[in-house]
Amino acid sequence: MADLERSMTGVAGLDEMLRGGFISGSVVLLQGAPGTGKTTLGVQFLIEGARQGEPGLLVSFEQFPHTLYRDAEAHGWDLRVLEREGRLRVVFTSPEVLVTSLQSPTSPISSAIRDLGVRRAVLDSMTHLQTITRDPVELRSQYGSLINGLRREGITSLLLSEDSGPDFVRSDRGRLAFAVDTVILLRYVEIDSVMNRAVAVLKMRGSDHDKSIRRLAIVRGGIQVQEPFVGREGLLSGTPRRAG
Amino acid sequence: MADLERSMTGVAGLDEMLRGGFISGSVVLLQGAPGTGKTTLGVQFLIEGARQGEPGLLVSFEQFPHTLYRDAEAHGWDLRVLEREGRLRVVFTSPEVLVTSLQSPTSPISSAIRDLGVRRAVLDSMTHLQTITRDPVELRSQYGSLINGLRREGITSLLLSEDSGPDFVRSDRGRLAFAVDTVILLRYVEIDSVMNRAVAVLKMRGSDHDKSIRRLAIVRGGIQVQEPFVGREGLLSGTPRRAG
Amino acid sequence: MADLERSMTGVAGLDEMLRGGFISGSVVLLQGAPGTGKTTLGVQFLIEGARQGEPGLLVSFEQFPHTLYRDAEAHGWDLRVLEREGRLRVVFTSPEVLVTSLQSPTSPISSAIRDLGVRRAVLDSMTHLQTITRDPVELRSQYGSLINGLRREGITSLLLSEDSGPDFVRSDRGRLAFAVDTVILLRYVEIDSVMNRAVAVLKMRGSDHDKSIRRLAIVRGGIQVQEPFVGREGLLSGTPRRAG
Amino acid sequence: MADLERSMTGVAGLDEMLRGGFISGSVVLLQGAPGTGKTTLGVQFLIEGARQGEPGLLVSFEQFPHTLYRDAEAHGWDLRVLEREGRLRVVFTSPEVLVTSLQSPTSPISSAIRDLGVRRAVLDSMTHLQTITRDPVELRSQYGSLINGLRREGITSLLLSEDSGPDFVRSDRGRLAFAVDTVILLRYVEIDSVMNRAVAVLKMRGSDHDKSIRRLAIVRGGIQVQEPFVGREGLLSGTPRRAG
Amino acid sequence: MADLERSMTGVAGLDEMLRGGFISGSVVLLQGAPGTGKTTLGVQFLIEGARQGEPGLLVSFEQFPHTLYRDAEAHGWDLRVLEREGRLRVVFTSPEVLVTSLQSPTSPISSAIRDLGVRRAVLDSMTHLQTITRDPVELRSQYGSLINGLRREGITSLLLSEDSGPDFVRSDRGRLAFAVDTVILLRYVEIDSVMNRAVAVLKMRGSDHDKSIRRLAIVRGGIQVQEPFVGREGLLSGTPRRAG
Amino acid sequence: MADLERSMTGVAGLDEMLRGGFISGSVVLLQGAPGTGKTTLGVQFLIEGARQGEPGLLVSFEQFPHTLYRDAEAHGWDLRVLEREGRLRVVFTSPEVLVTSLQSPTSPISSAIRDLGVRRAVLDSMTHLQTITRDPVELRSQYGSLINGLRREGITSLLLSEDSGPDFVRSDRGRLAFAVDTVILLRYVEIDSVMNRAVAVLKMRGSDHDKSIRRLAIVRGGIQVQEPFVGREGLLSGTPRRAG
């Protein structure tokens, strides 16, 4: 396919699966169960951006601020330094404030995007937007506005989502997966009495991508995407079987 | 069966499964999970129509316009040229506007159908019509009006649907599959730790068709329908097993 | 059992399963997923009736009239000729009109039944009666009135139903299967990566019947019921396994 | 256990499973899918009673009268003769009338019970009582009144129930199975591509009983209970597997 | 663990599983499908108490009194003699009356507890308390009051519950299993085409217990707990498989 | 990863899985079915704290006080001595009181935290907070306030949760697992006809941890975490299979 500009994720194995990284300016959905590494991967993506001169914005609805900085430190990342250098902005806010901020060019978030020249954004997590409305149709519309706003700014965006389950479409309230450009799933996979983590790229508009399901590890320094699983059936169900 | 006029889809392998293409003037449902290639197949069907002198209409409720054009370009398709040449019209609208437009002969959509002499249409996606009403009976009625409107015009129509799941009938809110002439399913199938895509033609009124479940690939240049899967049970469940 | 009068269905393999055909004057439920051949089988049953001097009535709620005639033609059946000859009446109507028509001896449907001397009827489909009421108890009552009305007239009736699923009882809103005399299921069955169609006679009041699950094919000329499946477990689940 | 008085069912194989028949005066629930033989077994139980000098009452909410008599004839049973001889009373009524009738000693049903000296009763079917109330707690209470009324009269009673499914408890709205003395299940079981019928006695207060799952056949002359199934796992799920 | 005082159940095999019987003064939940022996085990527990000088109270919401006495007789137990001797009190009442009675020291039930010196109680069944309220939070609170009332009196209590299903936690409306001290499950298990009964002790606060799943039989004289099952996987699902 | 301060749990095998214990000041979710040892593990964690000079707070909503002390005694733990020595405070309260207490510095609970210098807390159980509100969004907000309050105090906290099931995310009303730092699952696992207990650490922010699924036993003296399971597939489903 055409050679679109790429934004490397900071995870070599994942960039390889993506044939070079996210497509710059695209919107990526990262869906996973708790503890599968969504936030870590999000921070890593911003760290990589800072390294490459692409300032980042991290919008968090849930994290106790201290925890986010401490967990980053555990990986050797000093977010405060990046913030002081103008290469990152971390915003703790509410879903309501985020949505109205993006519509107002004078809001602190809009200012940050403009002043820093934000090129990458992480939203942790989209699931919190469900507090804005209980109506799935209205929710889908809110998601749409947000995604289109990010596309208009040309910001490569990573949307974290807690929705997860064996049937990833059914658990996707608001149908985010249909609206975004790229979908990545993180899953727990029980193999040999051990809880492994798995990553799969399911959808990538405008690009080829690796279709295999690979091991994912969280180590000091962040996420590692490793070799594909071998000899199992039903990996994405979470309880695979040895292939006959 | 009788030799009905055919509209080739632009995907050789799919035309083969359909014994020559869609039946001209029929309404086809293409149901699939996100990233299985629904929109790509829809555009490809319109490109093929333009090539064969059958002007096309693409109605999109969801796409950020830029993305649609960019993704088409990634396949080597320049939609804007086709639009300038009067061989394609792309309309970004809302479900409400579409429904009322089709009932009014002076609406822009009705004019486009008349002025261009539209012979092919793609609706991306029917699922968005669920914003019009939450009542499944009323929804079914809306679907029915739309389908009958398309049939009256004799337009070969491809309706994209995001409804998907192991049990395709149950996930079919509004029961589109019963109302249309042809049903095609796109599915993810996990085999050997790889996420494959599969295509099956389930129903085709007035024609024989290939009943096998085949591999589908998205490559530069569009969708390819390849050989049938072999040696697996439960393909359409998404997590098949090696046949015993 | 006693030798009750039979109405041959026009499908030799099915008549064989039914030990000679439907019991004349009985009410038969034909339940199946979209594309499994319900309407085709219904028309074939009426064609056979016309051939045997038993005039037929086809009540359709859903079909675009043109499509019904065209699909019949694809099988070599000219419904308009039969209509002209007074051997068939095709009525496109709404569920509400049907229900009130049957209660009024002067309605067009009642007149048609009387004037033609209708001996066979097909309702396509019962599922549309769900538009009359959302109350399952009231729905069951409506179904009951309709069925008893048909029995009173002594019309051998085939009721098509879109309700389908692995558990056929649960998917049977309104509990039609308990009220009718005979129940026939049509199902998709995935075997060797191919979507086959299957037919099973589940219930037949007052008669023995074949209990095997057989292959069904839709070919030019209509439905064919073929040999039983062999060596599979869980056929009616749709994703059978090779028997161990 | 103690030698309680027995009421033979008329089905030798079932009497054997029950160690001699139903316990006289007990209330039996017969739960099954459509076409598994519930009504036939009910009639057979009343025929046997008539033979043994125990007059019977058949309350039907659903059957078109003609059909019941015709289906009985197909088995060689002439219900009208039994009615004329005062050995059977068939009542077609509504759930509401039944419930109020049993509370009024002057109602036609109460009179019939008294005048004939009814010792056996069949209710076809309990599921229709759901039309009286949508409240499961109230429904359970209605069931309770009915059952206690039958016990008070000392009538050996067979309650037919259409509720059925793999999990027989969950499908038992109103929790009839807990209130009655004996529970018998009829099920479809797919084996070797054939739809077999199975019978199991699940519960029998005050008596030992056969715990095996046996084949059931409907032949001219009524129900036959045959040998137990062999070499299968998961029979009551409906889609058993060959035991490993 | 510490040697707490024990109340033998009257079922030797069960006492063995419990390391000597229920812990005196504890509250035990016995959960099972209809016909698995809940009431029989409850009566047996009270008979054993009577034998050991621990007077018992049986509160029944559902049984037709005659049936309870008759079924007990079938096991050789004469409840009326025990009642006359002041070693047992059987109360047929409603859930509402029970709840208010326990709060009033002058109510017949409270008097009975005091006058007889009740040391053991059986409630048949807790499921009936669902008639008091449809609100699960309120239901849980009602359960809590009842359980704490029994604990305050130091009565060893056996609560029968009809909730049952493969997932015993989910089917436990009101979350009784978390509130009580001991949980025992009774289940149907289909093995070799025979419906067996199984018993498992799942939870026992303050004591070790046997973790195996054992056969349970209902014979003349009451419940027998026999040897553990062998060579099966998934026993508690009800449809086990031979272990590979 | 960085060497964060650790709070040993008192269970050697679990500390090993956690690479030294809980991260001090973090919030841990312990999710499990009834009887899997949640409360025992909670008490053991507080006993260990008392031993190490870290005073503890146990907030219980459900336990009958006597039962808690008695069950602790059964393990050889005298909670009353620890309370007298100011090393433990046990509070029996309601969810409403807890939530308002934590917001008021003069409440008894806040005073206890301050006066004792509480460093460890156990809440038994979070599920009871569902009585405060039926709105899942509001519930999540309540959980968030509570967790952030605990983090602010720097208290190492163990939150017990009764939510459990094969799909641990779906059963997690209020989405606690996403908000906390560490998630530990306790499950029943049926192996060789025996109900075993299993423990898995699923998520641990800021630390590596053992991913294996290990046996857990409740013995006199508390919880023991033992060797990993071997040779089974689908352990966390509760009904594992022997690996092929």
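A few points about this structure:
Just so it is clear, A, B, C, D, E and F label the chains in written order, and each chain counts residues from 1 on its own.
Criterion: contacts are C-beta pairs under 8 Å (C-beta built on N, C-alpha and C of every residue); 3 or more make two chains touch, one makes a residue touch a chain.
Only a predicted model underlies this, so the values are computations on that prediction, with no experimental measurement involved.
Using the contact threshold fixed earlier, the set of chains in contact with both subunit A and subunit F is empty. For the touching copies subunit C and subunit D, the fraction of interface residue numbers used by both falls below half; the interface is of the different-residue type. The greatest centre-to-centre distance from subunit E, using averaged C-alpha positions, is reached by B. Chain geometry summary: the mean Cα position of subunit E and that of subunit F are 30 Å apart.
As a whole-number value, the distance joining the C-alpha centres of subunit A and subunit E reads 51 Å.
For the pair subunit C and subunit F, the distance between mean C-alpha positions equals 59 Å. Shared contact sites, meaning residues of subunit C that touch two or more other chains, fall at 241, 244. Within the complex formed with subunit E, the residues of subunit F that make contact are 33-36, 62, 64, 66-67, 70-71, 73-76, 125, 127, 130-131, 134, 162, 164-166, 188, 190, 192-196, 218-220, 238-242, 244. Across the complex, subunit D is touched by residues 1-2, 4, 137, 140-141, 144, 147-148, 151, 167, 169-170, 175, 177-179, 181, 183, 200, 202-208, 211-213, 228-237, 241, 243-244 of subunit C.
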